[in-house]
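In what follows, a structure is listed as structure tokens, so that the remarks can point back to it.
In this document, chain identifiers A, B and C correspond to the written order of the chains, with residue numbering beginning at 1 in each.
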Amino acid sequence: MIYLFTDFSSQDFYVGQLHSAVLHRNPDARLVDLFHHADPRDIEAAARLLARLSEYTASDAIIVAVVDPGVGGSRRPLMIKADGRWLVGPDNGLFSFIVRQAESVDSREINWRPANMSVTFHGRDLFAPVGAMLERGEMPDSTPCEVVMPDWPKESGRIIYRDHYGNLMTGLTERSVDENTVLAANSQPIRHAERFGAVNAGDVFWMINSIGLVEIAANQADASACLGVSVGDEILFQA
Amino acid sequence: MIYLFTDFSSQDFYVGQLHSAVLHRNPDARLVDLFHHADPRDIEAAARLLARLSEYTASDAIIVAVVDPGVGGSRRPLMIKADGRWLVGPDNGLFSFIVRQAESVDSREINWRPANMSVTFHGRDLFAPVGAMLERGEMPDSTPCEVVMPDWPKESGRIIYRDHYGNLMTGLTERSVDENTVLAANSQPIRHAERFGAVNAGDVFWMINSIGLVEIAANQADASACLGVSVGDEILFQA
Amino acid sequence: MIYLFTDFSSQDFYVGQLHSAVLHRNPDARLVDLFHHADPRDIEAAARLLARLSEYTASDAIIVAVVDPGVGGSRRPLMIKADGRWLVGPDNGLFSFIVRQAESVDSREINWRPANMSVTFHGRDLFAPVGAMLERGEMPDSTPCEVVMPDWPKESGRIIYRDHYGNLMTGLTERSVDENTVLAANSQPIRHAERFGAVNAGDVFWMINSIGLVEIAANQADASACLGVSVGDEILFQA
């Protein structure tokens, strides 16, 4: 199974070309569109989301992830085997949280190149075909290499994603909080609740969300609007 | 074939997790993304759309439908066999129009639970796996139960959906109108036409749309903008 | 493989009904959502994009393309075999650039009709089933006919698409430019660069993009916002 994670959006024709590139090489490939709305300028946020989402893929998943502002430059193309899953994409930090938390890591620079490779769309021309090869059990030409590991903190109070309901996901996991933790945004205290129905309509609370991140939500309301905060803002721990 | 109908949107990563959950259990499952932009706070509108769209699925379809503001609360998880199709989702009225119009109905509360179930994402953890089991011919543990049947009128002049062209769908079907019916919105009369080309460019008209609902449209224009009305507004019958 | 190209958007339920219509007739069909955000009122732009995107489909692709403001009127339904690929859709110019550049063209009016055909959704009721039949090797009833060939220039400086990054695609291909060509928009000169990293952050440039069109882009920025131009505006050749 090949999972796709990109900043290509569902509005343009880039995702369709990824699918086409995979199915062209492997008509029986199963594709899952994991996420296509990563912020193209925030690799750290994308890396955090990808690390959490990867936990919910098959244990032998092939994950093709492309958030790649340096495409066409000198960043290396990577394929990494991490605890059974293959990761394919640019060496710009996108896989660093997964690599950190993995027990076994085999990282390789991809040397294989297609007959024709565009300068700006390595997702279609390089990464998707490599994913298709891996799914067929073929090993593209590659050599062991190190992975770029940016100096990003393991836990971060920054809001890394706002979903379409207005829920706000932070870079914090359950390691940093317990049920008594009180968070704060815009000078407003935010207490824990386990689920939406446990607070009054319109009330803001935090919970551990379905992918293991600390999330600020509101019952039957838009937490982002209620608080006046959004992606990039910092959530604080109340003294 | 498993059809998905949700309020998860195509922008977030929730739909990808549904696909992943189904394919994890049944790699050969065929999935159709029927609709992912239901209004999360308007179960009645979602129920009307679902009832119409279900008519255009395979006669042995499995429809997993999740518009579920009460997730984590006490509403029951349902699986309903209605005229050959399986419906899987929350017991909050979402299936009530289908149940009303079905000739044979076998409704069951789902007792099966996964090893790990999040509090807020039963679509991924409960409903999608049940859909996958049903497609493989397995019967999840369940017991007969009643279905919540809200007191919603069979026919309603309320606008329940605005598509991206600006067409406005109502909760009326052909049972309520004939070709001489004149509707009204914002004090403007709206007459019947069979198709776009039958009126002048910019003119507003009503028709029976491709899923059997009374729809207000405009030739080469945005009916919603022309009339100054949108979802939630009432369409009247002109005296 | 059946590729879909439409103006149906990913927000409404029209694409799901296309998938459903294909899989209903051919459960093993492979579907690729090539593009669903064509401008419904700009057939010329859609025709230019389709011609470029078709180059990146399988050599025996079946492309169902529906940008069809005249649905329900007298425009003919077409199936065209062009250099090995089947094209299925309305006879309104949408396929004219592909036909012009093809070496072998067999164009046919579709006479086959389904038992039930809505007036407004021939994508679901006519074109998708025809695509499914062609993929199964069946020939729908049809008769040879001419294709509408609008008087659109082969090359055009008009901006035909703005992607979600803010990149601007024109109707020019590499035939019209070389590396020394200087373009202009809003009195600002635009020079060639091969890739994003070759210019400073925030700088605007033009390149041949990944589907062979002249594209105005900006390094780590939104070219459309930088220049104050968007779809429909003309890019000039600087004297």
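One rule holds for everything that comes next: a contact is a pair of C-beta atoms (placed from the backbone, for glycine too) under 8 Å apart; a residue touches a chain by one contact, two chains touch by 3 or more.
Note that the coordinates shown come from a computational prediction; the quantities given were computed from them, not determined experimentally.
Student: Considering only which chains touch which, how would you classify the arrangement: line, ring, star, complete or other?
Tutor: Topology of the interface graph: complete, with all chain pairs in contact.
Student: Shared interface numbers for chain A and chain C above half of all numbers used, same, or below, different?
Tutor: Chain A vs chain C: different; shared/all numbers falls short of half.
Student: Which integer distance in Å separates the CA centroid of chain A from that of chain C?
Tutor: Centre-to-centre distance between chain A and chain C: 30 Å.
Student: For chain C, write out the residues touching at least two other chains, lowest number first.
Tutor: Residues 10 of chain C touch two or more partner chains.
Student: Under the stated contact criterion, what part of chain B meets chain A in this complex?
Tutor: 9-17, 19-21, 23-24, 27, 40-41, 69-73, 118-121, 124-125
Student: Sort out for me which residues of chain A touch chain B in the complex.
Tutor: 1, 3, 10, 30, 32-35, 37, 49, 53, 56-58, 163-165, 194-197, 207, 209-210, 220
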